[in-house]
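Each of the two complexes below includes chain A, the first together with chain B, the second together with chain C.
Moving on, here comes the complex of A and B:
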């Protein structure tokens, strides 16, 4: 082992032979991308990081000598105290959290459902449906926002349709009431219990945190699901096409019904795609900006304010560039933490005892024919006793 | 493996160093150290061309300003260019950050404090030859920390706009035009029918603040926040009562984007709007006849709000003398009247008032408001406080006026001190 490890190292050190200059060539080939990413991505990010801990006011270069280091003051301004800046940040965080909670699962479920539909071999005109479902994703979000502003206006199409079936539609984009508050109100709870109304986090009482997305925000939620599920459908579709039909057939031979085949066979194989979709969805949802900028600018009653828009507002409109950058980095931290959590939640796990028990051979019934016994034996993952070895075996199965 | 990552680090380090070098290299041209300060004093002078960045209300304004600047250019021999911004605050911020701002630009009073505070602006107000001709309330609107920063380019006030057709149909005459709150509520009630609300306005301080002014309140007085005063509570309570009765309503609640739209569509019989409504009525609702009256008096007399923009000057401008000359030219009596004719604004100078009133007899009520109008306070962070106030006002119908105003008070105190 040691001999084989040292030999190539020495060869690399002397840099002789035909491999000489390969490293240089490698750098030369990657240099354009490194430069482009560096200038347009890495350096701006680092400069923003600097701005978030500086007292730069937006005049001249943030790197000039008269810009001072202020530590975490900008971060403190938006996260501590009960001033307007903190309350705005809390409100924005509240709005976006509800947005994420609703959009991410719904868009994932919808896109998976659509992918399964258009993946089916029996569907006629699959191409048309695939294009149709994907279409909203290629349309500019600004255009769709404007369209939704019309659709959901007080006398818009949506309210006309609701009116036709006898429902008075809300004044969508002007309704700041939270959905959960409306629900609570329907059962007669209009003020939170003292314990919720008193305590607060980021300048917002717990009762207000529980408001749910406002009616106006709900429109953006519907819009996000509508526009993004096409893209994610495509990711799921690609993964579905990768699943070999043999596995499905084997499951059929084992007597699995359609639901079991989806739940036990297809879905586990889609795990990598699922992780991608959830991560992309999460990142996109926390960064929602253009719909807000074109649509409502945080109105009504700040219920469509999002941290991304607040960051823009603080920087460009209020000249509080440090605070704006600080908000952006807090947002970054939230996204990273949630992605790590999700990676942890979707990790490959050893087969649980409960699940393993389902595969264990039942005591052989007296009437069983040799064929049924053989069928029962086919899917025989290792029992719980063998967990360490089982881990690896299971891993391999989950990642095709 | 370790070797590989060490190399990677080395690479990243090299990249950082190159990047930093590249950036500091840029310092020679793009990121010059800001030279001027906000202090009044010597103006820079050169033969550099100057740029005017405007946020335009439409083609009429763009054409009129371009024409005026071209005429000035001809006269002074200095090249000047008009640039139209699609998003003025953003483009201004970019200009200041890059150290290459436009020489003159439209500037809103709520943005004044932010830019003046970071030294981006040149305070040139006291050097204007026609300084004393501007309305005092406008000068006050562009004074930050006792310095008059920039020349108000024009202004607007709010008045009571009445739908003539609905007014006559309800059997009301010119004598019924309300002059007090009581009369306002009674005509609003008369005008309220199925599908029409008596008085409609946008759900913001920028409209409801007129009632606060009429009650003798406001946001800031003599450097003290007075938002939670009893006068303001009375004003909001009055508005709230009327809205509960259904005779007043937010334009947004009847499905319009702003007061003028609801008014033009006939959803409201009266509205509180500024003189810009004339343009909207001509373009979008040419068939609706309307009259403009002064807003009724409240318990403390007349009150309205004014809105204005000024011609801000960049501290980093290379030719401030020419910029000052252009600002004087654009605010001259002759030009002000020309602009007024072209795109319906009111002149910011008193010497044009008589001519304007005789040219626009129907709109005289708007100009009359100049005598008692309140402007937006010019403290750093005012815009945020007002945005927050507006978000509270949107729930006024079910809200508690005192509680809403207490929040505004504490927000204001944080920035006024």
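Moving on, here comes the complex of A and C:
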């Protein structure tokens, strides 16, 4: 330090003398990573981008001279055509959308629930429970799929158990009926109204979009929830342990019951963890591949087809490389757009005027404006500010 | 939780002493009941999570017929090791296992080295373009792996390493998330340690190898776990980078078993035994480093 102060020049020289070769070392140290990421990530993406706008058929190199540029033709073929390619893509998109709609909220809710259970402060042996819930997450998706193929086979464990309580289980992996269609069928609706049956999107009628996940897809949904809830539970658990108990106690003193404390105190503090879990869940759910490859290859009746599997199927099996690559990039775009949307939807908003009024201490009841009174009378649970009502918290709930 | 807190809220109300004692007694009873209910719930849920694996173990020792007739029972009526004999003596299973082992070991060893080297450089070495390299690594983390299926195949094919160990191993050698973890860790080590070594005349690699790396054990274990689990469980990359039977890995082989190769009919014991053996290495890893894994997953949140 003294050296720097008295003779900055010399100090700098010494420093660069000691640190000589750092610039070179920096590049040498990062070279393997740069090379591998460049060669096996950046260049591949660029090459695939080219393939998605070319007519390459899989023979020879896609960079050779006899491969032609076809513009957005491949993208058009899977999105706006009226052929099989568009219908397959529409079907895959529908299947995966239902998968996401069910898996993301359920896995988030279940993992949060497990975390809350395990987090019970007085609980002994919580390590054992934590291990039990987490274990499915470390096993390979291939191994878990093989297990579920057995559990949900026609004469498998699940149907045996259902049979014991008098229910005839479905033929899980061979049943293409959509859950919502089954429900509609139960109340006598077997064909959609003309409006839904006629209009279509991506080669699939609206009625078919509303089919819901097929019975076969439902098994994959259950499997996804089973295998991911443990990982996400750990994320929530970490966040829960960072919450200081004082805020909880303060809310308790203010008379908030457990339900209110969860929604108003715990959950807002879990927001970063919630954000992580929802993002990871969403990104993961759009990438379903291993399970489909191992289990059903898109069958029955293409109801377990996903864009990721379709992209593989189109390129490697049908040799339609342009279309396969196009599907992969559309999938990429979907994931990016949804992630950005989610980020926007869960952003930190300035507190709304109504909410802000609720949190205001009310020291001047005489001068309270009608608006404040109205806000306080909103049948929402009492905020922390309303200390006088504390003891009546329970009664208030029981009244309606 | 609910029962307890409602009760505590009631406690806050002023009461005369005998009534308070009574309430306290009631509160304690309620608390115990609440704990019992919580435990019961946890035990039931744990059973749901564990039972499938127990069924898997028992079924792998059943005969084909018994697996279909009584799938639920946890103890085979007749213990049969036919599935295991078939796997090890009359199938390609040992080859698959060997391939998975080779790939996993190569990937893990090299990945740990490359990733920590880059992490150290990005954390400590001053060089032009450091910020750019780091930004690039972060950008790469955002690319979903499924999107890379076709692209990877194209490059592997172009480079002439399709259907070879090189094609299987090289693309898996680097993991952007690993670079990120190591960089964060090295930044948490006090600089003074390195300064001393530097004054003693050690070069960057020497400092990295003999001073900093030994201190990074916790982070290294994290990387080892992630990369072991990742490459052992990897499927899609091996589907697009290989085709010959001699290069089939466990994941790829077991997936083909599931869709009917090698087996006539259902043959659940065989399939489940294969899936079980495949699970054992990661399970062992999991139980050895359990504490570490739990913290790793939790630490992911803070980054």
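The criterion applied here is as follows: the second predicted complex is superposed on the first by the 325 of 400 C-alpha atoms of A that agree within 3 Å, B and C clash if a C-alpha of one lies under 4 Å from a C-alpha of the other, contacts with A are read in each partner's own complex, and residues count from 1 in each chain.
What we mean here is this: a contact is a pair of C-beta atoms (placed from the backbone, for glycine too) under 8 Å apart; a residue touches a chain by one contact, two chains touch by 3 or more.
A quick note: this is a predicted structure, and the numbers were derived from the prediction, not measured.
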Which of chain B and chain C A:294 touches, first, second, both or neither: second
Which superposed partner A:176 touches (first chain B, second chain C, both, neither): first
Which superposed partner A:211 touches (first chain B, second chain C, both, neither): neither
Which superposed partner A:157 touches (first chain B, second chain C, both, neither): second
Partner chain(s) touched by A:61 [first = chain B, second = chain C, both, neither]: both
Partner chain(s) touched by A:78 [first = chain B, second = chain C, both, neither]: neither
Superposition-derived comparison: chain B or chain C, residues of chain A touched: C
Partner chain in contact with A:34 - chain B first, chain C second, else both or neither: both
Which of chain B and chain C A:315 touches, first, second, both or neither: both
Touching partner for A:261 - first (chain B), second (chain C), both, neither: second
On chain A, the residue positions that both chain B and chain C contact, one per complex: 27, 34, 39, 42-43, 47, 61-63, 153, 155, 315-316
Chain A partner contacts - residues on chain C that touch it in the complex: 1-2, 4-6, 8-10, 12-13, 35, 38-39, 41-42, 45-46, 49-50, 52-53, 55-56, 59, 67-72, 114-115, 117-118, 120-122, 125-130, 133, 136-137, 140, 142-155, 157-159, 170-171, 173-174, 176, 179, 198-199, 203-205, 208, 229, 232-233, 235-236, 239-240, 250-251, 254-255, 257-259, 266, 268, 271-272, 274-276, 278-279, 282-283, 285-286, 290, 293-294, 297-302
Residue ranges of chain A in contact with chain C within the complex: 18-19, 21-27, 29-30, 32-34, 36-37, 39-45, 47-48, 51, 61-63, 114, 116-118, 120, 122-123, 128-136, 138-143, 145-151, 153, 155-157, 160-161, 226, 230-231, 234-235, 237-239, 252-253, 255, 257-259, 261, 272-273, 276, 283, 286-287, 289-290, 293-295, 297, 308, 311-312, 315-316, 321, 324-325, 328-329, 331-332, 335-336, 390-391, 393-394
Chain B - residues contacting chain A, complex: 11, 15-16, 18-19, 22-24, 27, 30-34, 89-90, 93, 96-97, 99, 111, 114-115, 117-120, 203, 250, 252-255, 381, 383-385, 387-388, 391-392, 394-395, 411, 414
Complex contact set, residues of chain A against chain B: 27, 34, 38-39, 42-43, 46-47, 57-66, 83-85, 87-88, 153-155, 171, 174, 176, 298-302, 315-319
